[in-house]
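Chains here go by letter, A, B, C, D, E and F, matching the order in which they are written, and residues are numbered from 1 within each.
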Amino acid sequence: MIATDLFNAGKGPVLVVAPHPDDEVLGVGGTIARLADAGREVHVVVVTRGGPPKFPLEQVQRIAAEAKQAHDLLGVKQTHWLEFPAAELPELPHSALNASLGKLVSELGPELIFAPHPGDIHMDHQLSFLSTLVASRPHQTDYPATIAAYETLSETNWNAPYLTPPFVPNVFVDISETINRKLDAFALFASQVKPAPHERSVESLRALATLRGATVHRPAAEGFVLVRSVI
Amino acid sequence: MIATDLFNAGKGPVLVVAPHPDDEVLGVGGTIARLADAGREVHVVVVTRGGPPKFPLEQVQRIAAEAKQAHDLLGVKQTHWLEFPAAELPELPHSALNASLGKLVSELGPELIFAPHPGDIHMDHQLSFLSTLVASRPHQTDYPATIAAYETLSETNWNAPYLTPPFVPNVFVDISETINRKLDAFALFASQVKPAPHERSVESLRALATLRGATVHRPAAEGFVLVRSVI
Amino acid sequence: MIATDLFNAGKGPVLVVAPHPDDEVLGVGGTIARLADAGREVHVVVVTRGGPPKFPLEQVQRIAAEAKQAHDLLGVKQTHWLEFPAAELPELPHSALNASLGKLVSELGPELIFAPHPGDIHMDHQLSFLSTLVASRPHQTDYPATIAAYETLSETNWNAPYLTPPFVPNVFVDISETINRKLDAFALFASQVKPAPHERSVESLRALATLRGATVHRPAAEGFVLVRSVI
Amino acid sequence: MIATDLFNAGKGPVLVVAPHPDDEVLGVGGTIARLADAGREVHVVVVTRGGPPKFPLEQVQRIAAEAKQAHDLLGVKQTHWLEFPAAELPELPHSALNASLGKLVSELGPELIFAPHPGDIHMDHQLSFLSTLVASRPHQTDYPATIAAYETLSETNWNAPYLTPPFVPNVFVDISETINRKLDAFALFASQVKPAPHERSVESLRALATLRGATVHRPAAEGFVLVRSVI
Amino acid sequence: MIATDLFNAGKGPVLVVAPHPDDEVLGVGGTIARLADAGREVHVVVVTRGGPPKFPLEQVQRIAAEAKQAHDLLGVKQTHWLEFPAAELPELPHSALNASLGKLVSELGPELIFAPHPGDIHMDHQLSFLSTLVASRPHQTDYPATIAAYETLSETNWNAPYLTPPFVPNVFVDISETINRKLDAFALFASQVKPAPHERSVESLRALATLRGATVHRPAAEGFVLVRSVI
Amino acid sequence: MIATDLFNAGKGPVLVVAPHPDDEVLGVGGTIARLADAGREVHVVVVTRGGPPKFPLEQVQRIAAEAKQAHDLLGVKQTHWLEFPAAELPELPHSALNASLGKLVSELGPELIFAPHPGDIHMDHQLSFLSTLVASRPHQTDYPATIAAYETLSETNWNAPYLTPPFVPNVFVDISETINRKLDAFALFASQVKPAPHERSVESLRALATLRGATVHRPAAEGFVLVRSVI
């Protein structure tokens, strides 16, 4: 159902939806690098951007700079900033997020989209997921053929077991060749990295890759939940 | 995540697990034909075989003959008969089914497996699903990269809503080019086809294909639930 | 548990909650016609109404006219317009929707309510469902005895399998006698009908009726999920 | 969706499937009495019967006598004993249970069936539920129009929360008029009644009726999960 | 996993999150009393407060007075009022609720938190649950070790079975010694108590305690769903 | 809800149910060691034992010897062997397993039981879980107060996502002090340890502990799903 040609050049663009910068690295970093290595054109869209007074301007600029470095390392072709206010998506008109994300999807025409998991504890993640689905509705001949949800350490495991949607991966991407680049890219987000045993630490991210890999007999992997794939 | 190259020649074999003959046509017929057209080597394994006194010998032979015709029409390369007694899988040693199916998977080395849905009302289906998973465990480097569950009219929709596992398709295969061949293949199972409005009728099977297709803006499709895919 | 007398005259009114005009036809059209034929008093409440600039005035008026024609054909006794702004329910005070719908339920006193499915992709549907439940709380002797959720093509199947509430019908209403009137009523919504293979097409709607019917050995049916029934 | 005429005379027979004697009283006793009062013909089928050495003959005979008294009190028209060995259903050919229950359903032609809940901790309950569904498959014009699952104190609440199917009632039958007869009938099963605070006590059964009733603003009720209803 | 020492003196504080006054008594009253008896310091935080015009000032003051009496009876050490407007949580910035609740959790440092159930029909309950989880994220060494969700009569049972998160208790606290004090405390909320058979009645609350107790062979109990416990 | 006194001496015995030897180490090894260190009396019951011809006698004896060493290292007080034939539990009378496990639970009177997860792919695990619950039914005053399910690498992650019960831990036990002893104990099962990247490898087990720990800001943890706890 899933061809190894996924990683060949010549396919359409790939889009990774990140509610906040670094989510895309935590959840899809190794796959982004593998896709880029295979010649695929990978885009990242960052839904929100921090701003004063909650987030000092300096910090915001620093994170943007870190994102640029990390994305360069992974081989991201272009980063799109929607600049909705961070941690305020629930207060914004839902239709505005739908419109903004819909416009990007329509113009870019991605074949493959990675979205955050709807069971993440952060409402920005939940709403970004829903808007991604709205933007990808199969109501015409062309639409993103495949949508998958990724996991975000310090978001996905902190919601309520059995009361909110669980993350149980059914797609595993072998990232044995790119796990180190993923960890390096995450380390570049110096403002976001926490020391172990915080879940948002390099050690925790490596353990996750080892575990997801072992589940399918690979040295390292990223796990995803398939939302829809049309062949 | 899913390349159009799925249907190119040169990939490994495909295996469709059918608890009883005709399940594979109801659930995967159009996809089998499309795979075969694309040069993929498709195998069907029929887990059970009827036998006297429950099933008269003549009927059993007739069904086997119908299966051969239907499989030829769809382009199946080989049909394997495990010959466990039909409707008696719950009484058989579960390890025997595991061993028999495991041997086939090991020898054939399929890249892609279609299994019946674990939420089907028939225990033969439930146990065939479980044994398929056991036979496909990723406990060594090579194993079936992708497993998907298919739906079987007159089995999948007759279990208990919300109390048994639901079938909600997340993989859709466009069978616009092969829907008619699928329906013809099903019609060849003359002993199994029922007149409308029975769910196991040609009319119902066509409606299902139309609906699954419309969900993804295609004239006809087959829906599947992805169990696992390793890339 | 369900008597054939459901369709006899003399019972209390029936209310169908439609987030947007035509949802009620897609999901309940055949049942409305059968209820009306049996002498039941059927009401439709349309929760939202489009408006400029998102929706040009002419289009809004046209849809209202189409709704009137369709409802007349089906035998709807009265259509109530709450006139909340379409696609903006998430931005409105939730208590306002509760109040407005609650007032209607209180004044009308329906015995049976059909609501959209909470797993639909459109937040207008999700919130309309929740408000219907709030309006129907059994906190006094009289309240709607039965609440059922209906499915809406192009909404219900486009959410996230296994991550959002699935629609698995447990109530089937035989609409063999009214399926054609349902399709005619839908065709009257000329501004909303899409050509096949769009899911919101006449062909797709017919296939759905055939499939839901076949599941219970009937030529055509509508499927519902029972939310609560008090006998 | 559910008419008060449910309880009028003149409808088809009702069948209550009890894995062991007294399950039918615990879960459906009040509804049985109300149905019988309304002139409905109610049958009980007891799937298993105890036997030596596990169950002394005297005890088995005593329970049968208690069942007769209790059923008489509730107005049961006929009790059918399938006499499969108690607590051994998992060891019996599943097809034998299907055949035996299927024969009864076929001959009796019930319009309404009550089955134990598939999430009960006892495998006899789980298998009785599944066989009831198999016996009720809508593969011809006539079949039981409605199937509902009931709850059994000391079985339903003792399975694993969130890991086995939950019992969340969506059908409530007002048994304010028959709750006392239900409790009396349960008391007649002197060999099965336990002193409070055992869950299989009269006090616990009364509390359950009070709670299920209060949920729908009635002095007493029985709760059920609807499996399927065709109208 | 759960020590009887839970109720010994010397442990950290306990916090009960109540969206509206009296929720904490309905769901946790008996446990609060038992904890207080054992010397534990129990706090209640009431998230919202009614206000004119929806809620007349007199009524609001009366409820506050009732809460004080009830809390005194149960042995609550301190009641905290966040004073968000009742029934308007969905309209408020979600981050404001997070901030306010987060501040309290941070200052108080509770070892154990009780939150309303996310499947309750009232959005104030759903949002209070989510904010409790956000406030309790394990992103540093110290955080509430245990979080459990409680059930609220007239909220938890009135949502949609199988379509919204079910409440299936996996933690049972024996309140045989405090059930009467719980009922007395509830009766002190004279403005909120309804006559039977309303679900928010003393009779219904007692029946719930009897049933939850019987499930674990105790005269009375309160049931909870464990969200997370770190040992 | 969960006191740190869990690990104090003086409490009742603890029982770990292992379908096959080494499951108890994979899932509960670190917690066993921590409990033993705290003076708790920990028992392991191994449900099955291999035997010729499937399992050569020499191998069986070797595993038993390895189990003894591993259990000694962890501080297990006693290991009980039920000696049911491995991989054949589905063929055995379910009541026999219930009786055997029930007798042990009755004689030992454990306060805390760890059972395998019912969603594991191996039917021996599924049936061991169910029998543990049957043996622990709260039908008298004394019964195991707490039951929790553990995860087993190479079993729990290999079943079908979203179609079989997921393992989403809600209880985390800090094993920072005992993780190395756990890994050493696992290494003692030389016949069962596989080289990485097999899921049943030391590396994978360490990654799991790191990840479960990070989720709750601890260097290492074991995760469990609470089945029931009575306080």
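Here is the rule we go by: a contact is a pair of C-beta atoms (placed from the backbone, for glycine too) under 8 Å apart; a residue touches a chain by one contact, two chains touch by 3 or more.
Treat the numbers as computed from the prediction; the structure is a model and nothing was measured.
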item: Numbering shared by both copies at the chain D-chain B contact, with half separating same from different; value: different
item: Furthest chain, CA centroid comparison against chain E; value: B
item: Length of the line joining the C-alpha centres of chain C and chain D, rounded to whole Å; value: 34
item: Contacts with two or more other chains, residues of chain D listed in rising order; value: 138-140, 158, 161-162, 170, 198-199, 215, 217-218, 225, 227-228
item: Of all residues in chain C, those that touch chain D in their complex; value: 1-8, 11, 112, 138-141, 143, 145-146, 148, 170-174, 215-218, 221, 224, 226-231
item: Footprint of chain A on chain E - complex, ascending; value: 93-95, 117-119, 129-130, 133-134, 137-140, 149, 165, 225, 227-228
item: Chain F contact footprint on chain A (complex, rising order); value: 153, 157-158, 161-162, 166, 168-170, 196-199, 201, 203-204, 206-208, 210-211, 213-215, 217-219, 225
item: Interface residues, chain A side, partner chain E - complex; value: 87-88, 90-91, 121, 123, 154, 158-164, 194, 198-200
